[in-house]
Amino acid sequence: MANFGGHAIPGSFFLLYGLWLTVKFTLQHLWKTRHPKARQPTPQFFKKSEYTEGGLLMFAAFVGMMVEQFVVDGPHAHLFDSENQSWVKLMNWQHSTMYLFFGIAGMASVARVAFKLVPVGVDRITLSLALFVEGFLFYFHVHKRPALDAHIHSLLLVAVFGGSASTMVEVFIRDHFLLQLFGAGMFILQGSWFYQIGFVLYPLTGPPWDEEMHDNSMFVTMCFCWHLAVALLIVASTTVLVWCTATRLSVRDRDTEIGLRDTSSESSSQKALLEESEEE
Amino acid sequence: MANFGGHAIPGSFFLLYGLWLTVKFTLQHLWKTRHPKARQPTPQFFKKSEYTEGGLLMFAAFVGMMVEQFVVDGPHAHLFDSENQSWVKLMNWQHSTMYLFFGIAGMASVARVAFKLVPVGVDRITLSLALFVEGFLFYFHVHKRPALDAHIHSLLLVAVFGGSASTMVEVFIRDHFLLQLFGAGMFILQGSWFYQIGFVLYPLTGPPWDEEMHDNSMFVTMCFCWHLAVALLIVASTTVLVWCTATRLSVRDRDTEIGLRDTSSESSSQKALLEESEEE
Amino acid sequence: MANFGGHAIPGSFFLLYGLWLTVKFTLQHLWKTRHPKARQPTPQFFKKSEYTEGGLLMFAAFVGMMVEQFVVDGPHAHLFDSENQSWVKLMNWQHSTMYLFFGIAGMASVARVAFKLVPVGVDRITLSLALFVEGFLFYFHVHKRPALDAHIHSLLLVAVFGGSASTMVEVFIRDHFLLQLFGAGMFILQGSWFYQIGFVLYPLTGPPWDEEMHDNSMFVTMCFCWHLAVALLIVASTTVLVWCTATRLSVRDRDTEIGLRDTSSESSSQKALLEESEEE
Amino acid sequence: MANFGGHAIPGSFFLLYGLWLTVKFTLQHLWKTRHPKARQPTPQFFKKSEYTEGGLLMFAAFVGMMVEQFVVDGPHAHLFDSENQSWVKLMNWQHSTMYLFFGIAGMASVARVAFKLVPVGVDRITLSLALFVEGFLFYFHVHKRPALDAHIHSLLLVAVFGGSASTMVEVFIRDHFLLQLFGAGMFILQGSWFYQIGFVLYPLTGPPWDEEMHDNSMFVTMCFCWHLAVALLIVASTTVLVWCTATRLSVRDRDTEIGLRDTSSESSSQKALLEESEEE
């Protein structure tokens, strides 16, 4: 959808998803740090959050596909117009395809938690493929557009393929906190960059940008790096915030602690709390 | 062979090979899950299947080479026509070369099972090289063709090099179920895409496609992603099917269980069965 | 800053940083070789050096940004000139952005030592990103320049991306001495190549180089390899020098040994010294 | 040196080096298979062979540099002709640079065996850099040449960069037999391809090849794959030959066995021999 809203909607989705991943991975890492010896299954809280995450992903993908198909100027599920011998609204079909793969990633995410037989990592590989397909379609998307339009979309590919690669590595290197945060950061970067594309190509106020001026391309390149810096900042501050909140909650009232309830290994848990209160 | 059949034959081969790999890897994974402690050699069934697989690969490669050489308009083993100072039917020679490397992979597969001294992974590295050579020759194959023809063949390269890379990684990361399924999925994708190429370039019915129309290229790009989604679906459902069948068979009649006969570790096997029946 | 000084300043910085990394990694490796069993925290000396390194990095980045902004012909923190509808001094803004990321790497370096909760490797990943951003901006920097200018800058990218990749690998493969030295060598190569760029584009004496002559490009390519050879030589000789000095110091006066004080494992340390004196 | 000899000399060098690597790695692998528990230092034979290999590499590199410099139409150590304001024989200087890096790899190889302090893998990383530099210089070498000349040289890069990458991986994954053989195979491929380049560009008999004919390029691409197949064959047969010879020798006269003398673990060695004679 070639307007500001068409970029703000996926932008918001990716921003929120990246933020959620940061929160989830921080809580998981906190849990593992507190229970280093624990071979016990991770608490119910994490399992439920996976169901919710997968479910929301599937729901968002479904809504996205429906909107792209049945929006007023959409293809309404028609692919080929045999009268004019031409394809119908291929742009919308491509966007639907992108959503489809995120839906598949959501399904894999749910399946992994629901069935023990599903191999660990299937959620990562499908998410990596979803990002790959997104980048793959965008790559052939931008041919024959004005210089600035093509350039600003190809910068998006850096975030998309960066996220795809790091998620693929997660299939093999499990539970690497930094790698997980990097992946989450790439989602945040992608989200904020979608907004930037919207602002540049469909400015809300002021005149449109000159799409052939070389200086505009140069600025946009630099601006992408600023977005990266902001994404790093957001990931870092979210992690610190979650960590501090979880620690404070678990100190104030140990029994209402979210998802970190365990009665068997109290002593080790107490020790961990003592150590942390000493460090503050 | 520039006709529909010339694309359907390798397409069928890759489709079947991908399906077979999915079945094989699922059975192997099932066996390992059931016998986690087992350092005992994998059952005779798997060894025999490797012989059969390698043998069929060699046979298929041999037939492929012969057909490419001795088909009516083939080069009949002549490489250089010294009268006209020109090469004879280089296309057929290139296809023969591709088949040759799959034959080598078949030989390595057999050699690895037959001789203990052959290092583990030699079957993977040769298969990876066979895919690399296929992609390598296709890459230089498509120069100076119409836009759609070149584009549809270069999409094939995504499946070919994707499979080559994942198979190369298998040399180092052994017995990673997800990686094995990914490789099998790339074969299935390659196979179904060969059919798609055939349908597009040599349509069975209807007028030929306009090879310079940009929209056709855009559709084909998206269609490749759909093939990927279908390949994922095929791999997933085959795995589930094989898993369920093998589990049911082993429950109904434990002694006729294919290739999973062991008498020494009955108790662990029984426990595994109990656990699974509880989950259903 | 398009003059010799503008290349000599970052050149000196990278040269010194590379040398310092070589010294640091050699001392750390020496410490680990001497205390193989030691799970005890690395000595205070290394911790302090990390603070100093991070602090200097932040300071250098801050100074760099200020200079780029408030130099006589700089942008003075103005980004957009609304009168002329044009961007102000984008070159300087891009350089400021590069410095910013090295500042972030410095912050991460300090944070990792100061807070136990910060995951190991965060200093490496931010340094890798800093190098990536540097290369990324340079890549789009060199468009539409004369052949030699573009070529000499793109050779710089080999050192920059080489360093970025090897630093990224360090996130996963910790304490690999050779990998660390390789990263240090890439910094030295980058530093000396900055000087070379300065000498070629803004010669101190003699006539300017002909920027379109093919032979000049060929020479510059070869010259880059010579710089690589010299960087290897510098890393090797620095390592040997540090190693010998540290060994001699620790033999002459075991109690004044820098950062290598330990009283608990004297016997193993003595043995190590004996072995080394035998080898000389 | 733009003639047949100028390609045959490096070709022979790479062929022999690849063969030697195959033999060395097979013997080392055989030794490790026979003495699985052995933490004892590898026998004197292997150490001596490393010295010889490194020494020969340094010698060959030195001779190569001297020949390139002081051949009749060489630059005689003159780099810049200030009279004509032009560079002197840059081709020869580039070849000298390539040899220089193989010399450095030889030095590192010797240093690693001679001094315990030199980190393991330094011989691999320098060899990888030598191949990288070779490919790097060749890459910029081939600009503005006829199509066939450029193409045939860029195919060489596949072997060169393939070898460089696999040797770099060996820094991290030590003693992986298949990886070592792959690296050796890339050297053999490179060597035989140098001969092929010589035959095509400077035919010993017959008319010169038409360098702009597309079919010639197509044939050359396919021919490269045949060379790869032959290289695989050579590596495989050399390995089998060395293995059989070493096994036969060690059976006939256990005490004269080359480099495999050990008296402490006779029983395990005897068992290994028995097992092997059973398999034959």
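So that you can tell them apart, the chains are marked A, B, C and D in the order they are listed, and the count of residues begins at 1 in each.
Note that in this section a residue touches a chain if its C-beta (ideal position, glycine included) is under 8 Å from a C-beta of that chain, and two chains touch if they have at least 3 such contacts.
Since this is a predicted model, take the numbers as computed values, not measurements.
The set of chains touching chain B and also touching chain D is empty.
Averaged C-alpha coordinates give centres for chain B and chain C that are 46 Å from one another.
Centre to centre, using the average C-alpha position, chain A and chain C are separated by 32 Å.
Shared interface positions of chain B, defined as residues touching 2 or more other chains, are absent. Taken together, the touching pairs link the chains into one ring where each has two partners. By the definition given earlier, chain contacts exist for A-B, A-C, B-D, C-D. Every residue of chain C that touches chain D in the complex is listed here, in rising order: 29, 158, 173, 176-179, 182, 214-219, 221-222, 225-226, 228-229, 232, 243, 279.
Residues 86-87, 90, 93-94, 97, 100-101, 104, 115-117, 119, 121-122, 125-126, 129, 133, 136-137, 140, 143-144, 171-172 of chain C touch chain A in their complex.
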